[in-house]
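Right after this note come the structures.
Two complexes are shown next, each including subunit A; its partner changes from subunit B in the first to subunit C in the second.
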Partner chain A sequence: MRVQESGPMALLFQRLGPKVLIWLTLTFLVIWTATPIIWAILSSFKDPLEIYESKSLLPEVWRLDAYRKVLSMPGFGTWLMNSIIVTVVATIVPLILAILAAYGFARYAFKFRHVLLLLYLIPRIIPRVSLIVPLNDLMSDLGLINTYSVLFITYIASAVPLATWILVGFFGSIPKEIEESATLDGANMWNRLRHVMLPMAWPGVVTAAVLCLREAWNEFSFVLALVNQTDMRTLPYQLYMLKDSMGIQDYAVYNAFTILTVLPLLLVYLLLERKVVDSIVSGAVKS
Partner chain B sequence: MSHTTPMVEDGPTGADRLKPFVPYLLVLPGLLFVMGILGYAVVGGIILSLNETDMFMNKTFVGLKNYIDVFADPRFQDAMVRTLSFVVISIVLGIFMSMSFALVLYKVVRGRRFFRGLSLVPYFVSGIATAVMFRFIFTTSGGFVNTVLAQLGLPAQSWLGDPTLAFAVAIMANCWFMVPFASLILLGGLQTIDKDLYDAAAIDGANPIQIFFRITLPLIKPMLGVSLIWVSYISFSTFDIVLALTSGGPLKATELVSIYMYELAFQQLNFGQGAVLMVVLLVFNTVLSLIYIKIFVMGDRRHSEAGK
Partner chain C sequence: MAEGYVEYRNLRKSFGGLEILHGVDLTIPEGAFAVLVGPSGCGKSTLLRMTAGLENVTSGEINIAGRLVNNVHAKNRGIAMVFQSYALYPHMSVEDNMSFGLKMRKTPLQLITDRIKRAASILKLGPMLDRLPSQLSGGQRQRVAMGRALTREPEVFLFDEPLSNLDAKLRVEMRAEIKALHQRLKTTTIYVTHDQIEAMTMADIVVVMHDGRIEQVGEPLAIYDRPANLFVAEFLGSPAMNLIPGTIAQDADGRCVQTEAGMRLPLDSGAKGTVGQKVVYGIRPEHLQLDPAGDLPIRLTLVEPAGWETHVHADLGGQIVRMVSTKRVAQRAGDSTTAKIDATRAHLFDAATGNRL
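So, the complex of A and B:
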């Protein structure tokens, strides 16, 4: 109805309405996305008692005490190293396995291709947390609880399907003719993969790597179910345990710990943001 | 194009005999991990759900007894109802937010890259960190919301101490975490639409709402399907966010099936019943995903093939 009115106000609304709506939504998007992170950063620089009083949004004095306390926690170096080791292995190994598999799926016609491809897809719709009960049972039987191996194999297993699906798409979009001309020049499969496919699908490889990195760095359910020694914890696990381990909660330390666990991955994302966002927007990454 | 070159050409000798196996050799190592671990876990979980375990993890086959016990357990029934409402509200709110974000990210001209980049940040924050951040937004003393309320002279609320409010906060944290990926998928859909269609519709006198429902929505159906699968997958398997945010409380107000499963298996050491809950999660999630694929992706493909 409003569209048909023709008073000056209605005209103004018609012209400005959509713009105002866009800017309101955009403002909400920015506040919604940034507030939890900015609040954690601000709180991490406050004095613990100052936080309790909830008087002001900004710290009275910007203190680094909380960060000093986190870095001097007896296990912090160990948890950080655990996270780094597990993440590096659970990024590189799945990436290699996925490059091989994706090349096979994208370039060969073979028996059971669809069935095998489906076996790679199905794990993506299985809620990971649901697997922790049988996995704990299996790994206890195998005596693998509290080992790096158990984290490696479970993390790798859950990252391979994701990386494979991204790369099948990227490899598939490379014209076969380019590879065929490389074959005529005498390149064998390995050379074609290394010098033709990988460079051409590079944005896909980077995206797959970043997403594997993300899964491994942030993983929680598996490490919770398969590890119970303090020195085998990863950063997310320790962040979770902080809740119980601090008698009177030092909120500043809690926030500083959160920021320190989130920061490394966010830096990686910032560096490679363009490729990752473009890959997701272009539909190449489908959960 | 008289001759086609075979893709594998490693010389005429021994390598030739290997040729038919090459694709399998490429595909199998990864599959070994996937099936060995994830496949085993699914099968092992189903077997486990048919057994009763004691404290030493000795198993006795009991058939469907665990299922009967679990389905008759009021605590499970409550958790199931809670999970379903958590999932439904999360899907509705999550898709609404994703669509709104995708539309503004599509429309905005100045600072487009910045806004897109920023919008994806929560996707890289772990579930645990998300939960901790939301705790400090809503915690009673020192939380962001209560600090703002105090500045405005309004009374503080016990957000995480009230069952209804805590449930709402859990849904918000879940949306914060899952919406960014869904909105970029939808944004990708919006970008594939030919702008001429909008111009033509505008000339025909269609209003923005009509354009959205008649043109935009049908054309991005596959991407809508993908975001729906993502949003419900995340909501069904929400575990770390709720565990670290409320641990299922207060008064079990946020005890979802995944939280109760963890409690059953790892606190009460009742692995058999825990495995039943695993099977329940698995079945719900798979059925839901298949429904989406059938409606949005397959249906659309058939449609577009018929159109050719």
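So, the complex of A and C:
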């Protein structure tokens, strides 16, 4: 038995076994995640009927018809612009508020600091669905339904805690002595934040920005509850409405719309991927 | 040299209900290199941070150059501080690190350039001005931290255990560099360390602290030669002073200290204390020597040859004592021999109070 165990095959398995298992798992996960996306991309270039009839994953002829149809939709430019405006505001404003809040939480000792930081999480702990009806009532009373303001308010309120929590960790991990050194160098609070803390927490700021951006770009339930005019829709909202207006059979257009909706976010991810991954890893191992 | 460039008067510091400094009174003359030394938690770093303005004063006074600075902001105290962890700005180049303080004070650009040039030349940082701190070795980073302080041209330099993160060889080199820098600039310096070798070698004035109090202030060798109490006697000196409890007794040759085991330790004729008084007899390891003609029987327990000197541990009447000899020691652990004490170098402390007699 002992001889068998230490044979060349057993040794090979001992050495490669764990690696093979890891590779198999990763391959499965990649296939699991990527298949729907690849299918959506490929079928967006197909004829609508071909999607149902052809057994091939690849299109017989690469067509851009679906993309033309999407881009020529009368409201596409408006929906895209709505998404961009809401996302830019709901990324920049929460980031600024979160930087200031996180700096305060991380660096200033005050009563109930930890309690406040926990309370900060409430908007994210309460299920969003349960907020929709009261929010709709409240915003109707305030006359804000179908305005940018209502989307700004809700998106920002949702993003600030997320960004703050990320940044508290990053600011907190910067050695206090560096900031004290800046104090002795004559830097006031704003200068310390601007010249020392922010550059040092930059990976965290980028991470928070990407997460806020992703959340704002993908947001669906608030916009569904608080907007009912066609010209105030965002891309995810319109994607949902597309199902009814186009009929579920036109998967090519549906997928082309999906790809065009996801594309900007994907580009941002690709640009910042290294920074975000680095920061998540560094945040995880900092003491 | 004007008196009292940095002065502490009845300075106290509490964190919550816990008092860390119990009324510190200290005067550091202009241009002096004062070293605050003591074990961890003795309050030396707190005192330094209060001087810098990084900690509030609970009560008492801090005066710098005749000006009460208790409520003066850290940036306006005319001080520069070098931290144990260097505390460099990691995203800035060496040059930016050194110029940051000047830029914050809106110093004219030409003056900034001049000062960086001067500091870089003094500290040999010229070739690395464009580098980031992460591209430098520990010693170079420490020099940048000093350069950053230097460009500010402060009235007082504060050093908070600046050599603790360096390896032994580099520590010795940097020790000499800091001392040389002080001799060149003559800026009043307060240096905190728990390393008594640093204190002895660098200081004009050593301030020994313990439990939030100053135990003794003085020139290094003066403190070494005449420690004010048992704490200072034991803390300063490596290996530490041998402290042997006993009672002053009278024998045919005069007074001596009789240990609990009945050994008789010689006393100088001028030694204080009265017969029958309970004392602690202190003798530094270099003043207790192996000597075949000696009158103290000992048994060696450990011999540590260090090259230029030999450390010997021995049993003297049931108590382990340490000796340092500059001669090679032929005996081995377990050998019985005799030792001799230089009675003129013996120290006597009151057993009850711990104070020097």
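Please note the rule applied: the second predicted complex is superposed on the first by the 254 of 287 C-alpha atoms of A that agree within 3 Å, B and C clash if a C-alpha of one lies under 4 Å from a C-alpha of the other, contacts with A are read in each partner's own complex, and residues count from 1 in each chain.
In this section, contacts are C-beta pairs under 8 Å (C-beta built on N, C-alpha and C of every residue); 3 or more make two chains touch, one makes a residue touch a chain.
The structure displayed is predicted, hence computed values, not measured ones.
When both complexes are overlaid on chain A, the residue A:L58 reaches neither subunit B nor subunit C. Of the two partner chains placed around the shared chain by superposition, subunit C is the only one that A:N191 touches, whereas subunit B remains out of contact. Of the two partner chains placed by superposition, only subunit B is touched by A:T35; subunit C is not. In the superposition on chain A, A:T183 makes contact with both subunit B and subunit C. Of the two partners subunit B and subunit C, it is B that touches the larger number of subunit A residues. Using the contact criterion defined above for the overlaid structures, shared-chain residue A:P199 touches subunit C, although it does not reach subunit B.
When the shared chain is aligned, subunit C comes close enough to touch A:P175, but subunit B does not.
The intersection of subunit A residues touching subunit B with those touching subunit C, taken from the two complexes, comprises 180, 183-184. On the subunit A side of its complex with subunit B, the touching residues are 3, 18, 22, 25-26, 29-30, 32-37, 39-40, 43, 51-57, 94, 97-98, 100-101, 103-105, 107-108, 110, 113, 116, 119-120, 123, 125-138, 140, 153-154, 156-158, 160-161, 164, 179-180, 183-184, 188-189, 214, 217-218, 220-221, 225, 236-237, 239-240, 243, 251, 254-255, 258, 261-262, 265-266, 269-270, 273-274, 276-277, 280-283, 286-287. Within the complex formed with subunit C, the residues of subunit A that make contact are 175, 177-178, 180-187, 191, 195-196, 199-200, 202. By the touch rule above, subunit C contacts subunit A in their complex via residues 52-54, 74-75, 79-81, 83-85, 87-91, 100-101, 104-105, 148, 152.
Those residues of subunit B that touch subunit A in the complex are listed here as 4-5, 7-10, 20, 22-27, 29-31, 33-42, 44-45, 48, 57, 100-101, 103-105, 107-108, 113, 115-130, 132-134, 136-137, 139, 141-144, 146-148, 150-151, 156, 176, 180-181, 184-185, 187-189, 191, 207-208, 223, 226, 229-230, 233, 236-237, 239-240, 243-244, 258, 261-262, 265-266, 271, 274-275, 277-278, 281-282, 285-286, 289.
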